[in-house]
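Look at the two complexes coming up: chain A is in both, with chain B in one and chain C in the other.
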Partner chain A sequence: MKNEKGTIVLAGGVIGLIAAILVFFGNPANMGFCIACFLRDTTGALGLHSAAAVQYIRPEIIGLVLGACIISLAKKEFRPRGGSAPVTRFTLGAFVMIGCLMFLGCPFRMILRLAGGDGNALFGLVGFVAGILTGTVFLKKGYTLKRSYKMPKLEGGIYPAFQIVMLLLLVVAPAFIHFTEPEGGPGAKHAAIIIALVAGIIVGILAQRTRLCMVGGIRDAVLFKEYKLLFGFVAILVTALVMNLILGAVTGTSYFNPGFAGQPIAHTDGLWNALGMYLAGFGCILLGGCPLRQLILAGEGNTDSAVTVLGLMAGAAFAHNFGLASSGEGPTANGKIAVIIGIVVVAVIAAVNSMRKEEA
Partner chain B sequence: MITYIATFYSHYGAIQFRRNCQAMNLRAEVMPVPRDLSSSCGTCVRFHTEADFPEKTEEVEQIVRVEPQGYVGIYHADEE
Partner chain C sequence: MKKVDARGLSCPEPVIRAKNAMESGDKEYEILVDNVVAKENVSRFATHQGYQVQATEQGDDILLKLKK
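So, the complex of A and B:
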């Protein structure tokens, strides 16, 4: 890749464009993509939680994994590996999801919420950066979940294959899965399956080629003064914002509504928006990547990331089964307790896995 | 002086290797892995040496020599 920065900015631009267009085609507002929300919806569609408003197998997730898988196979970068602290990763994944559902979005949707004018996402961004900064302190102290090992092709292929099963369930056997009733909530709002799937595949390919990662962007900027990955997300923000303005002008329905109150699928509790994303940022840096990046790595055959995604899904099930997820009305008491527990657990995982540095 | 890049299975492996380089008075810096070298997004160490470099640890994934025309692989753990 001759001009890596240019490629990343271009890819980010295309991704921002696609994200805005997905809303035009039916996705919930400011939710062209949201890895946390979409995994949560998929978890609900499988009946692993029973929040009727958020149940739908999101083809974007299927596309992201398959896109990354196809391009990594084509480029001989499909390299099955795993064995690096899977249970710890599962646990971190679950708490990252709980943090995301406190805020109501993953780092990717945080950017899209900003592009839609949602000022509450600024509090999320502050918390997210603080979480990453906390995590980098442990990285510098020698934090590690130990190395991964080469795995058989089958092991690496199971998670991508699982996505094909999900697609078959959605297209061929919808009677087996749960759907949000029309007008019944965010789960009912979605672009046509083929549009969502193709969008996911394109973004999956771009993200695999560029290693786009929100957490990685801020981490590299802090640790190495290397801003390439961060530019990718700035590009997403800028193009999604411009596209929102264009869509608003063309359709007469505003896609950009600056303010705090009444934002779509968002609440105005600044403290808990920040703490939710603090937990997500802190957890993600210990995992080595944001939820989007975990999906892409899972598509490349990384089973540690596949386990992390399963952890994210388990976190979504917990969040909705125990009333931890926020709603437009705000956070719940249970959710606040869970986020605090999450921050403590993530801090303990960070500290315990940083103690081996003296062995070096 | 020859420049090498070593990639690792973990960020910690990179920090540890850089420390070992510095113990041998080699100039070494940690940085993000170049995309051409790997699809993973970890940390690598670029180091400069006339001849010797530190013993490979279990954490070392690959070592390449940096040439004007590109990277020349000299070690890859999975291929051992």
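So, the complex of A and C:
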């Protein structure tokens, strides 16, 4: 079992390294990876929202899913499954995204923001931990979305296959796909396609093998005193931080800027940073994993996770169509209302699914 | 012997069900899971609780025999 911890620390280290390098190669600052932001950009590229600053088909997402798919096939862990409360999962996914876009990042980017010195992410972390703790109360009370069942191979393969279509759309770039204009916002900042794709594939493979999950770390520590996943979380933070310091020293441009004001793609409203991540943490516990983990599971043929990812994308579309997403200026009034509604909806889902008696 | 059917349950429910079952303090349990991640998680937890774990594949499922 010690071996397992060593492996996840090593994998977390490589992932932290890759995340820092992706920023060097052109990704937005403190955004080597952000599953929420990247799904949001991809959603925009497909024209499902029209926020011109955040539209791009992110190859990292494609790579994560394909990497997980390839390695799970190779390891005979590709198992098409589904049927565990898909509409509930879709709804949870949508609200998790709304929480993430209040904070401006998924749990993965929260770590990377911390590694870049963004103090606002500390408020996010506090909310995130509180959300996880709330979720674990329901888990202990017997919360379940019931069982999933074996599905046909095709059902499990559709979502990974869809990623190849996305890659083609990215490379061919037909006129109906929307890309942020150069200098037009975060969507315009990206590493070269091949670099981002390979980075995604490597991280997808590592995350599949180690079962890395940002909510799982804190959850398992609280519930079972199991620290394996938490080791991965910490390894990413430490490596990304060290890499940021090294990159800063080598390039002369600072990658580590401790402080609160003026942080890249972030705002300073502590309360709403915390509440956004509270919603994300709570929702992710009910889903059984963070957005990264959902992508990896979708790559392994888990169609409940594929539906969750579609929910995340729908949430991103709502967030930008209805003016819910925060900006560097801060949260919006609509966004605050949506986060409150989200917390209520997630709490109701948690409570209702904890009350039922276990089936035989 | 207490048996737990944890097939098809999302993370971390298989471990929670195993943990709840273990509260009866028996020496032996059988936990049925249907994926490698649940097998790893339940095995890890049971090992830390002082059980010896023996896994046998049963078609698409995996039967974990826990013994103290």
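Just so it is clear, the second predicted complex is superposed on the first by the 352 of 360 C-alpha atoms of A that agree within 3 Å, B and C clash if a C-alpha of one lies under 4 Å from a C-alpha of the other, contacts with A are read in each partner's own complex, and residues count from 1 in each chain.
By definition in this document, a contact is a pair of C-beta atoms (placed from the backbone, for glycine too) under 8 Å apart; a residue touches a chain by one contact, two chains touch by 3 or more.
Model, not experiment: these values are computed from the prediction.
J.: Let's test your reading of the overlay: on chain A, do chain B and chain C clash or fit side by side?
T.: clash
J.: Contacts for A:E77 in the overlay, against chain B (first) and chain C (second): which applies, first, second, both or neither?
T.: So A:E77 meets both chain B and chain C here.
J.: Regarding the shared-chain residue A:T144, is it in contact with chain B (first), chain C (second), both, or neither?
T.: Both: A:T144 reaches chain B and chain C.
J.: Tell me the contact category for A:F224 with respect to chain B and chain C: first, second, both or neither.
T.: So A:F224 meets both chain B and chain C here.
J.: Once the structures are superposed on A, label A:R211 by its partner contacts, choosing first (chain B), second (chain C), both or neither.
T.: Both partners, chain B and chain C.
J.: Please work out whether A:V172 is in contact with chain B alone, chain C alone, both, or neither, and reply first, second, both or neither.
T.: A:V172 sits against neither chain B nor chain C.
J.: Could you list which residues of chain A make contact with chain B in one structure and with chain C in the other?
T.: Residues common to the chain A contacts of chain C and of chain B are 1, 4, 77, 79, 84, 139-140, 144-148, 150, 211, 213, 216, 220, 223-224, 226, 228, 288-289, listed in rising order.
J.: Can you check the complex and tell me which residues of chain A touch chain B?
T.: 1, 4, 72, 75, 77, 79, 84, 139-140, 142-148, 150, 208, 210-211, 213, 216, 220, 223-224, 226, 228-229, 288-289, 293, 297, 300, 356-357, 360
J.: Over in the complex, which chain C residues touch chain A? Could you list them?
T.: Listed in rising order, the residues of chain C that touch chain A are 7-13, 15-16, 19, 35-37, 40-41, 44-45, 47-48, 60.
J.: Taking the touch rule as given, give the residues of chain A at its contact with chain C in the complex, in rising order.
T.: Result: residues 1, 4, 77, 79, 81, 84, 139-140, 144-150, 211, 213, 216, 219-220, 223-226, 228, 287-289, 304 of chain A touch chain C.
J.: If we count contacts the way the header does, which residues on chain B are in touch with chain A in the complex?
T.: By the definition above, chain B touches chain A via 8-13, 15-16, 19, 30-32, 34-36, 39-43, 58-59, 78.
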